[in-house]
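Consider the two complexes below, in which chain A is the common component and chain B and chain C are the respective partners.
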Partner chain A sequence: MRPQWLILPGLLLFLFFNIWPIIYSIYISFTNANIKNFPPPPPWAPEELKQARPPPDFVGFANYASILTGPASSGFLGAVFWTLIFVALSVPAKVALGTFVGLLMSSDRVVGKPIMRALLIVPWALPLIISVVAWRYVFDPTYGVVNQLLYAVGISKPPDWFVNKDYAYAAMVVIEAWLAYPFIMTVVMGALANVPRAAYEAAYIDGAGRWAVFTRITLPLIKRPLIYASVMTAAASLQFFLVAFLWNFIQLYDRFMLAYGYYWAFGSPFREYGLAAAVLTMSALLISVFMILAIRLAGLMRGMYES
Partner chain B sequence: MRASIVQTSVAVVATLLLFYPVLQIVLLSLNKLPYFRLGGEFIPTLESFQWVLQQPEFWRGLLNSLVVSLTTVGILLALSLPGAYAFSRYKFKGKDALLSFYVVFTQVSGGLGIAGLIALFAIVSALGLRNNLFALALIYAAGAIPYHTWLLKTYIDTIPKSAEEAALIDGAGVNTLMLRVVLPLMAPALAVSSILSFIGAWGELILANLFLSGENRTLILWIYSLMSNVYSVQWNRFAAAALLYSIPPVVLYVVLQRFLKRGLAFVY
Partner chain C sequence: MAIKIWHALNPEEEAVFKEIASLYMESNPNVQIVFENKAPDLQTAVLAAVATGEKFDLFIWAHDWVGLMVEAGVLKPVDNDVADVLPKFAVPIPQYQGHVYGLPFTAETVALICNRKMVPGPPETFDELLGIMKSYNNPPKTYGIAYVVNPYFISAWIHGAGGYYFDDQTEKQGLNNPKSIAGFEFFKKYIMPYVGPNPTDYNTQVSLFLGGQAPCMVNGPWSIGAVKRAGIDFFVAPLPPVNNTFVPKPYGGLKMFYTTIYASKEAIDFMKWFTTDPQVAKILVDKLGYVPVIKDVQIQDPVVQGFYEAIKNVYLMPTSPKMQPVWGAVELVIQNAIVSNQKTIPQAINDAVEDLCARGLC
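And now, the complex of A and B:
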């Protein structure tokens, strides 16, 4: 038996439900698919049904013209812009927070690490929807601890973190940092786990200060894993969608490119599938370009096999 | 090295701050009052949990979620394991390219999943598979095949070939080889794969929300519907429902950590 046969069933299922939809979506993006003509009846449907519901018309690049220079362009380009800003804000926040906690949890001088590690890993283990619920309550205008604190420091009218677009967006950065720090923390802890204690002790005996030990021993050890983790987590920020979807989609749909595409397909009464497919195709293209650049520039494949 | 009071205090404060969102949901679920405020009134009770356990939607959702998640695990393992074995043990044309493709796809699967959503909706509708729990499990398994094939392949790479060679010399066929020799050796990796795919299926919302309705709604969809009408349901009851829903993945996650400590550190 040829070994390829062992791979084929899984590969076929994957291609059918994951790759074929993407190719098909690209096709839809060149049509006027909407709620009246989409989804089309299947090829084996009775003839009357097919005639009653003609398939979408081919419209060439009309949808792309609309989202790049036409009526939907301010919405789409705005969503892309805010997605990139989100990457720029959330990645440093995640990496800084995760590195900070990871260094603390690797320090010999901290007591009680096992229990703290168990608590710190919780955001990773919790289903995403529950994390969002927890944060909704943290940001709740009446009962939430954030506005309670703002009151306490003398701000008499603290913001509404759901209804106000910009504050809701700021909350997304905070939540993404919280969701992703366990990943960065684990990477840092992993990189520092195998350093012999003797290396640190020898450095101290030789008279090296703490800063010198950090820059000469710790930093070189975590640098490569951190670069790899940052690229991974930047890809995650670029694909940010679900938290915004659960937070207040009406306020946030035009701040994230995938959310903007979802909105036109399933989130609005218009159900402009063709336009939405164009938005999502462009978004997938951006994500793919990012991944290709990441693989080329950061030597990502090596990082994947090493970690 | 001496313990440092400063470093330990910083670590404790950081941990408490980062754990606070979860802690507050736990306290909220245990409060008799439908809200929880830091420094406010707190009357511990289990009434909210009792309320959840009396909801028929909870039990129906639980059953549906179990069916979908376990079916996903079954389909996924049945399809990933043979593929992983072939990737690990044989050389063939296109192997490295396909494996790299699988690994890269893993990182962008979330985004591409949304990108293909419209077409997937049409395909599933055309096949008449909307509102079908098993079809949903099939879709979940399909999306997880690249990652798990790669994961299992990485583990098989670490198993010496000698056991298989000995079995082949003894005249074992391919099926015997798989069932009697390879599978038992792979138990830890299979457990890790099962846990990860179970957690994934348990927590998936977008496809479930798009395809399932009525009696077939999974537990996450019930939580989601409560969340969408927070004004119609009391917050403490909602928090209790959310926590009960989180128990299986959190327990599995703890089990997973055990496996990871035993040398399966390549998962994340």
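And now, the complex of A and C:
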């Protein structure tokens, strides 16, 4: 037997679980699949059901045309725009917070690090639904900590973080930063563990201040993992959906790409699966382009294939 | 002969339904009735089953799925099979495009639930209610009323003013109808100022009433259990009329049996018996507090009586699946222009309708 055959089981599983669903959903995006005709009845289904549920029709690029040029296209493009703003706001917040805490947690002067590290990972480990419920209490317009604080500092009418679109959007940025900083923190801590102490000692002996040590030594040495983590977390921001869905979907649906697609396809009378698949395919394309550009520009792959 | 019935009833309801079914099986020994609980997502279960050809006879849910389920190929019309029992009903039977797809056994809508310690008897007019709301409106200690401000709960005032969210006949939205706008304006001007904090949150509103912080709450029969458990001495009455022409008409739902394309004759016979037999209706009233929908039922319970009065003014929820996106549009109007002042009501309606139209849904 030739050794190449050994990859067959893995390859088949990969094709079945990864490639097939992707190809199938791309296929769906070219049909008018909806609740009336999808999924089609199996061959052994009774005749009356086959008549009641004719198979979906192939509609070519109609779903894509409706996203890009239809009457709702301005809504979708608006959602893409606001998603990019969300990336621009949330990614720096996540990275700054994660890096700061990561540096703190790697310092010799912090006491009780093992316990604190465990606690800091909590946002990452907690089921999302519980995080959202907790944050709903924090941002509750009447009883929440945030508005109680605002009230205490003299703001007599603090904002409604659910009903007011812009404030709800701002809350999303805060929550996303909170959800994702443990990831960045972990990456930073891992990277710092590999930085030789001799580099710091040499710098201090040469009289470098803390800021100089950070910008000249720490940052260059952890730059690669940090950029990698930033690109990954930017992709997470592009796919932001569930928190907005649970928060107040009706105000936030037109601020996030995937949320708009969901609202558009599933908020219609017959759940337009075809349209939803087209929105997903478009979003996947946009996110892929973003990732490829980010990886290229950051030079993450540089040196990968030389050795 | 087995009859398979899918449902998402709570355990208390399921027990009573099984008890009634065993009564039927005693007199019809050839029939075996099987209940299958598909909570929490009956809709997905039904649609998935149909797509794969899995068979069951009936399922139980409120009537607003009729249109969707017909379009999905789940239901079969039973106009001829049930024609003989239709005169027994006191409510209109839900239809979609002129056909009947099952029979109802109870009705649900919202009414006024008041604490007797704060309000001695039912207000006869809206002015009286307004007086009550004003006299108790003393935030943050007490509030004028506990009211969940969402499309279902406030629909009474839009319909009362002569407007509508959606016309089930033409399948068109009616939000920008001047009378609908007047209804929204009425709610905002005369009720909204007296509603407690977090007006869109169900739990907050209910707990205000249960904690004695509001004299009345607008809610449905499903909330009565909690009110009783809190030990409150209360009464239930219809929402009071503003004047002779402005009578609040809340959206109402009929809980019903749906007949699937696989429903056997035996299943249809069982459904007809269950929904129209006075003895069954009495068990449902006594044990579950269900509001009956057939004529000639004696009601002793004052709570059921209160909701029974409220049902008389009900505006049945649409059966058309095209209502679905309109719920979201009304929710937007409420959030943007009633519980907050981000937009005026006409502006908010205009924007919501524009969004519906952009998606080809107006």
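Everything below uses one rule, namely that the second predicted complex is superposed on the first by the 251 of 307 C-alpha atoms of A that agree within 3 Å, B and C clash if a C-alpha of one lies under 4 Å from a C-alpha of the other, contacts with A are read in each partner's own complex, and residues count from 1 in each chain.
The criterion applied here is as follows: contacts are C-beta pairs under 8 Å (C-beta built on N, C-alpha and C of every residue); 3 or more make two chains touch, one makes a residue touch a chain.
Keep in mind that what you see is a predicted model, and the values were worked out from it rather than measured.
Chemist: Taking the superposition as given, does A:Val101 touch the first partner, chain B, the second, chain C, both, or neither?
Modeler: A:Val101 sits against chain B, while chain C stays out of touch.
Chemist: So, A:Gly267: does it touch chain B (first), chain C (second), both, or neither?
Modeler: In the superposition, A:Gly267 touches chain C alone.
Chemist: According to the stated criteria, A:Leu120 is in contact with first (chain B), second (chain C), both, or neither; which is it?
Modeler: In the superposed model, A:Leu120 contacts chain B only, not chain C.
Chemist: In the overlaid three-chain picture, which partner chain does A:Ile35 touch, first (chain B) or second (chain C), both, or neither?
Modeler: Touch status of A:Ile35: second partner only.
Chemist: Looking at A:Ile22 after the superposition, I want to know if it touches chain B, chain C, both of them or none. Which is it: first, second, both, neither?
Modeler: A:Ile22: touches chain B, not chain C.
Chemist: Looking at A:Lys165 after the superposition, I want to know if it touches chain B, chain C, both of them or none. Which is it: first, second, both, neither?
Modeler: second
Chemist: Counting residues of chain A touched by each partner, does chain B or chain C come out ahead?
Modeler: B
Chemist: Scan A:Glu48 for contacts with chain B and chain C and give back first, second, both or neither.
Modeler: Second partner only, chain C.
Chemist: Common interface residues of chain A with chain B and chain C?
Modeler: The overlap between the chain B and chain C interfaces on chain A comprises residues 38-42, 142-143.
Chemist: Considering only the defined contacts, which chain B positions touch chain A in the complex?
Modeler: 1-4, 7-8, 10-12, 14-15, 18-22, 24-25, 28, 35-38, 79-80, 82-83, 85-87, 89-90, 92, 98, 100, 103-105, 107-123, 125-127, 138-139, 141-143, 145-146, 149, 174, 199, 202-203, 205-206, 210, 220, 223-224, 227, 230, 235, 238-239, 242-243, 245-246, 249-250, 253-254, 257, 265-266, 268
Chemist: Residues of chain A touching chain C in their complex?
Modeler: The touching residues are 35-36, 38-42, 44-46, 48-49, 52-53, 71-72, 74-75, 140-143, 160, 162-165, 248, 250-251, 263-264, 267-270.
Chemist: Within their complex, state which residues of chain A touch chain B.
Modeler: Interface residues on the chain A side: 1-4, 6-7, 9-11, 13-14, 16-18, 20-25, 27-28, 33, 38-42, 100-101, 104-105, 107-113, 116, 119-131, 133-138, 142-143, 145, 148, 178, 181, 183, 186, 190, 197, 200-201, 232, 235-236, 238-239, 241-242, 245-246, 258, 261-262, 265-266, 273, 276-277, 280-281, 283-284, 287-288, 291, 295, 301, 304, 307.
Chemist: Quick one: which bits of chain C touch chain A in the complex? Just the residue numbers, please.
Modeler: Listed in rising order, the residues of chain C that touch chain A are 47, 50-53, 68, 71-73, 197-198, 200, 204, 261-262, 320-325, 328, 331-332, 335-336, 339-340, 342, 355, 357-361.
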